[in-house]
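Multiple structures follow.
Shared between the two complexes below is chain A, which pairs with chain B and chain C, respectively.
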Partner chain A sequence: MAKIKIGIPRSLFYYYYKDIWKYFFDEFNIELIISPPTNKTIMENGIKFSIDEMCVSMKNYIGHVYYLLDKCDYILIPRISNYGNDNQTCTNFLATYDIINNIFDTKILNYNINLENNETEEKGLIKIVTDFGYSKEYAKKAYKNAIKKVKQKNDKLIKDNIKKLDSEKTKILLIGHPYNLYDNLIGKEIIKYIELNDTEIIYSDLFHKDITNTLSKKLSYSLYFKYNKENIGSIPLVEDKIDGIIFISTFPCSPDSLVNELMFRKLKKPYLNLIIDDLNSMTGIETRIESFIDIIKGGVINE
Partner chain B sequence: MNKITFPLVGNYRTPIIYLFKHILECEIVEPPPITKKTIELGNANSPEFVCTPFKYTLGTYIEALEKGANIVVQFGGGCRYGYYFELQEQILKDLGYEFKYVNFVTKGVTNLKEIYLKLKEINPKLKVDKLIYYSFITFKMLKYMDRCDDYIRQNIGFEEKKELENINKEMLNKFLNVKGYLDLRRTYKKYYKKLKKVKINKPKNCLKIGIIGELYTVMEPFANYYLERELASYNIEIKRFTNAHYLLIEKRKKGLKYLKSAKKYIKYKMGADSHDNIGRCKYLCKKKYDGIIHIKSSFCTPEIGSMAIINKICKEYDIPVIFFSFDANTSEVGIKTRLEAFYDMIEMRKKNEKLLSRH
Partner chain C sequence: MKNCYLGIDIGSISTKGVIIDENNNIIKSEYIWTEANPIKAVKKLIENLKNNLDKNIVIKGIGTTGSARKLIGLLLDANVIKNEITAHAVGTLNFYPECKTILEIGGQDSKIILINNGIITDYAMNTLCAAGTGAFLSSQAKRLKIKIEDFGKLALKSNNPVKIAARCTVFAESDLVHKAQLGYKIEDIVAGLSKSIVLNYLNNVGKGKKIKPPIVFQGGVSKNIGVVKYFKEILKEDIIVDSNSHLMGAIGIAILAKNKNNKIYDLNIKDIKFETKGMECNKCPNNCEILKIYKDEKLIDAFGSKCNREIKN
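Showing the complex of A and B:
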């Protein structure tokens, strides 16, 4: 039997669920086809097929889907609604499946995470493979194994991230959604440039999610966006050990527009806010990063 | 002394004042009508790419706080509207105002007990039966208001003398001082009759347009640059779905109905009102409206998502659709020009249709 090919766009959901997908689907006769790191063509195609006002990350996602159209049997697009009422997501995560389904004519594998309604990731993934003819017991076992492996991998990443806090270099906390930070066009260049300036970067998403989630209450008592909670929850966790904070968001990110503004008003540390749009020039951003790092380094010497 | 104020949406100041007056027993600082100055105040103090309702309500708060209010009320919603209040509170405190902020709907969930406790904090003497009685009257008032509004919207483009709006205004003034439910009903019936008596000169085959979109921009005429009034001047019948009664009571049931009716296009709720709008768009297409106008505030994420799908539906049914995005800096002239062009286009289509049917 030929392998079933499932396409995964390297954007949005990929950065949250790549490991669980990889370890889970590896247990079956399924091949995952992941679109390449974002390049100019992907982005341009994304812009072409999207609505002008969509956020850059969403345009990027559409570009990745377009790349995969003729290369796989199905495209995997989950819908993430909420992890309980206190942990909702951006409305784009609710709508992606339906938007893509209407823009492109392609076969889509879809599951829904809505814990308020008792729809979990486990149920969704198991449903997908049982529809391909695998047994439920086998799928359940595969999911359990996958979760274990993901946890091991994450624990290691988190350990490394925390180790960086003892570094002698200037330490910068980088806050942003992983699908922006690690994207080839959006965040990678920026990260490279920050590292060039002899600094240590601590990533906001590489902490234990439940710790950052609860800690976010210290900064915003009513916040209910899961991903933003996890981002800003890292601030109280490491505030005493870092020298500055850099925020990265795409234009016009809906939750970031409110949450980050509130952070700016409450923060006592120096911060820099970088907003990336689709007509982006690195030069302006480089200048701003450089002067920001100069300022926080200067501050250290004067003390 | 407690002085309470609230955000403005359309005509709905009347029911809010009525309710607060009867249950809170405190002074009500009526926010001044939204003007250019309100938007400028809101815009200057808001983050860069937040949606416009944030800016409008913030501007209103600043103006009301200047007038001496010390309690500010907000009603959260399903999208990021539900998170407005914490940031607005911080911004206003940074500006140096001292006040209490009360948010009645958090995280898109209406918890009746919580609302009662919050009201009790403002007025410790509040009794449950009183609250229920006056809430009931207020909901009825909303229903009557929206019914009159619907009638006016269908006919305002065709009245001989400009009377409808004045009668409506008079009715709202009377509503403010009604003594109980029976009085309210009597007043409503009297004025509804009056509305019906106004001479309407409506051709059978008039142009019909449906307005859909983000709720605040749809309901607050200042936020959409009096789009409905502009359309009425072209002699167009207008159908609008979103109103307070829909949002508070009907949405729970009808929202699912809309979702079902459009299941060819969407499978899930897409946040806030966007799936409703897709269902409505399909409804308008099926009923063969002459055009659809989709309006929203800039950066409204759920509606941006729905635009892609609305585009597709309208293409399939061959119904013209136009999208407007309103911001504090939108130019009124630009919108008028686009609207005029849209009107010319649908009028021409109608004429061509008639010619074709004659042959």
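Showing the complex of A and C:
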């Protein structure tokens, strides 16, 4: 039997679920085709197929789907509604499946995550492979193994991230969604530039999610966006050990525009807010980052 | 021999240069239009600065700031290339060490810098929109057939400035046309425009910032006495405008260059041929827009590449 090819767009979900997908599907006769790091062509195609009101990250996702159309048998798009009552996700994560289904004529593999309705990732992934003819027992075991491997990998990343807090350099907490921070076109250049200024970057997403999720209550009791809670929960965890905070979001992100604005009023440390849209000039961003770092280093004027 | 330092601030509209000595005194200064050609402007600026310059002066450091700082810094082999926010703050604090707020309106951007005990604590810059900057004022002056130098004086004549939308220049312009067609006096319109610049600035860049005295106002627009008047009126505070307010960025970067001096510059760039060539690299789907810089037909640097691919002639 030829390998089944499942396409995975390198955007949005990818940055949260890439490891579980990889370790899980590796156990079957399935090949994952991952789209390349975002480049201008991918972004331009995304913009072409999306409506104006979508955020840059969503447009980017659509570009990645377009890239995969003729390269795989299926495209994997989960539909994520919530992780419980006070852990909702951005509406894009809920709507992507239907949006893509409407834009492109392609076969989509789908599972739901809706804990309010008792629909879990485990059930979803197992259903996908049993539909391909694998036994339920084998799939269950594969999922269990995959989860174990993911945990090992994450623990290491988190350990490295926490170790950076002991660095002698100026330390900056970078808050943003992983699909923006690690995207080749959206966040990579910015991170490169921040590092160029002799700083240590601590990433908001590389902490234990259950810890940051709970800690976010210190800043606000009523927030219910899962991903934002996990991002800002890193603030009370490390605020005493860092020199400044940089927020990165894409235009127009609705959870970010609410949550980040709320944070600005509660922070003790200096912050910089960068909102990225599909402009392609770095000049303005460089000016802002450089002057922000000058400020938190504090010494420039009296040098 | 006298050790001196050169600071150059290359903005979108004008290019400013100063030479300062060890004690931060201005030896010579120059202010010319950039005219969308920073290389040509800087060559002219340096020739003007060299003209009649004391033979004993040696330039031991060069700093560049402003939107073309990277390009010009490379051409002059500057020892400091810094953003304009830091440069402006350093320059201003040299003259007004007590200063708490710097308002700055330039050709294309405007910023506010808050200072506490001589350290920058906060700043804001206009984002995508160039509403309420010098470029808007000069285009409207042109439409009204007024010299930009006379703009401020004319505004002061008015007792009844017309109301002009302060949010967006597109609406401001249609307001202005409408008021003119209704028959308002030109000085009232000019005064209304000056006031709208101030309101726009305070609503956009200054939003949510605590503006504390002493306040220093600088950038090209600070030369407009009409705008200064409305800042005073609306903020109900005294506004300091230095006679060198347009040079603060250049002075600041010269001071920063002084603290990092290490070599002697000869400033003979008039006959060196600098050329830039834009190109689109089609080697990968990124299609980076690359700017290549040539000195005497030799490639010295290139900007704009997203990868580390070597760029050849």
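In this text, the second predicted complex is superposed on the first by the 297 of 303 C-alpha atoms of A that agree within 3 Å, B and C clash if a C-alpha of one lies under 4 Å from a C-alpha of the other, contacts with A are read in each partner's own complex, and residues count from 1 in each chain.
The criterion applied here is as follows: contacts are C-beta pairs under 8 Å (C-beta built on N, C-alpha and C of every residue); 3 or more make two chains touch, one makes a residue touch a chain.
Predicted model only: the values in this text are computed from it and were never measured.
Of the two partner chains, chain B is the only one touched by A:N102; chain C is not. When both complexes are overlaid on chain A, the residue A:E261 reaches chain B alone and has no touch with chain C.
Judged by the touch definition given at the top, the superposed model places A:L69 against neither chain B nor chain C. Once chain A of one complex is fitted onto chain A of the other, the partner contacts of A:N85 are limited to chain B, with no touch recorded for chain C.
Shared-chain residue A:K40: touches chain C; no touch with chain B.
Within the superposed three-chain model, A:L196 lies out of touch with both chain B and chain C [touch as defined at top]. With both complexes superposed, B is the one of chain B and chain C in contact with more chain A residues. Shared contact residues of chain A with chain B and chain C: 275.
By the touch rule above, chain B contacts chain A in their complex via residues 47-51, 54, 79-80, 82-87, 90-91, 94, 103, 106-107, 109, 265-272, 274, 298-299, 301-302, 304-309, 312, 325. Considering their complex, residues 50-51, 53-55, 79, 81, 85-86, 88, 90-92, 94-95, 97-99, 101-103, 110, 112, 220-225, 251-255, 257-262, 265-266, 275 of chain A touch chain B.
Of all residues in chain A, those touching chain C in their complex are 39-42, 189, 270, 275, 279-280, 283-284, 286-288, 290-291, 294-295, 298, 300-303. Only residues 67, 82-86, 89-90, 93, 118-123, 125, 127-128, 256, 259, 284-289, 306 of chain C touch chain A when the two sit together in their complex.
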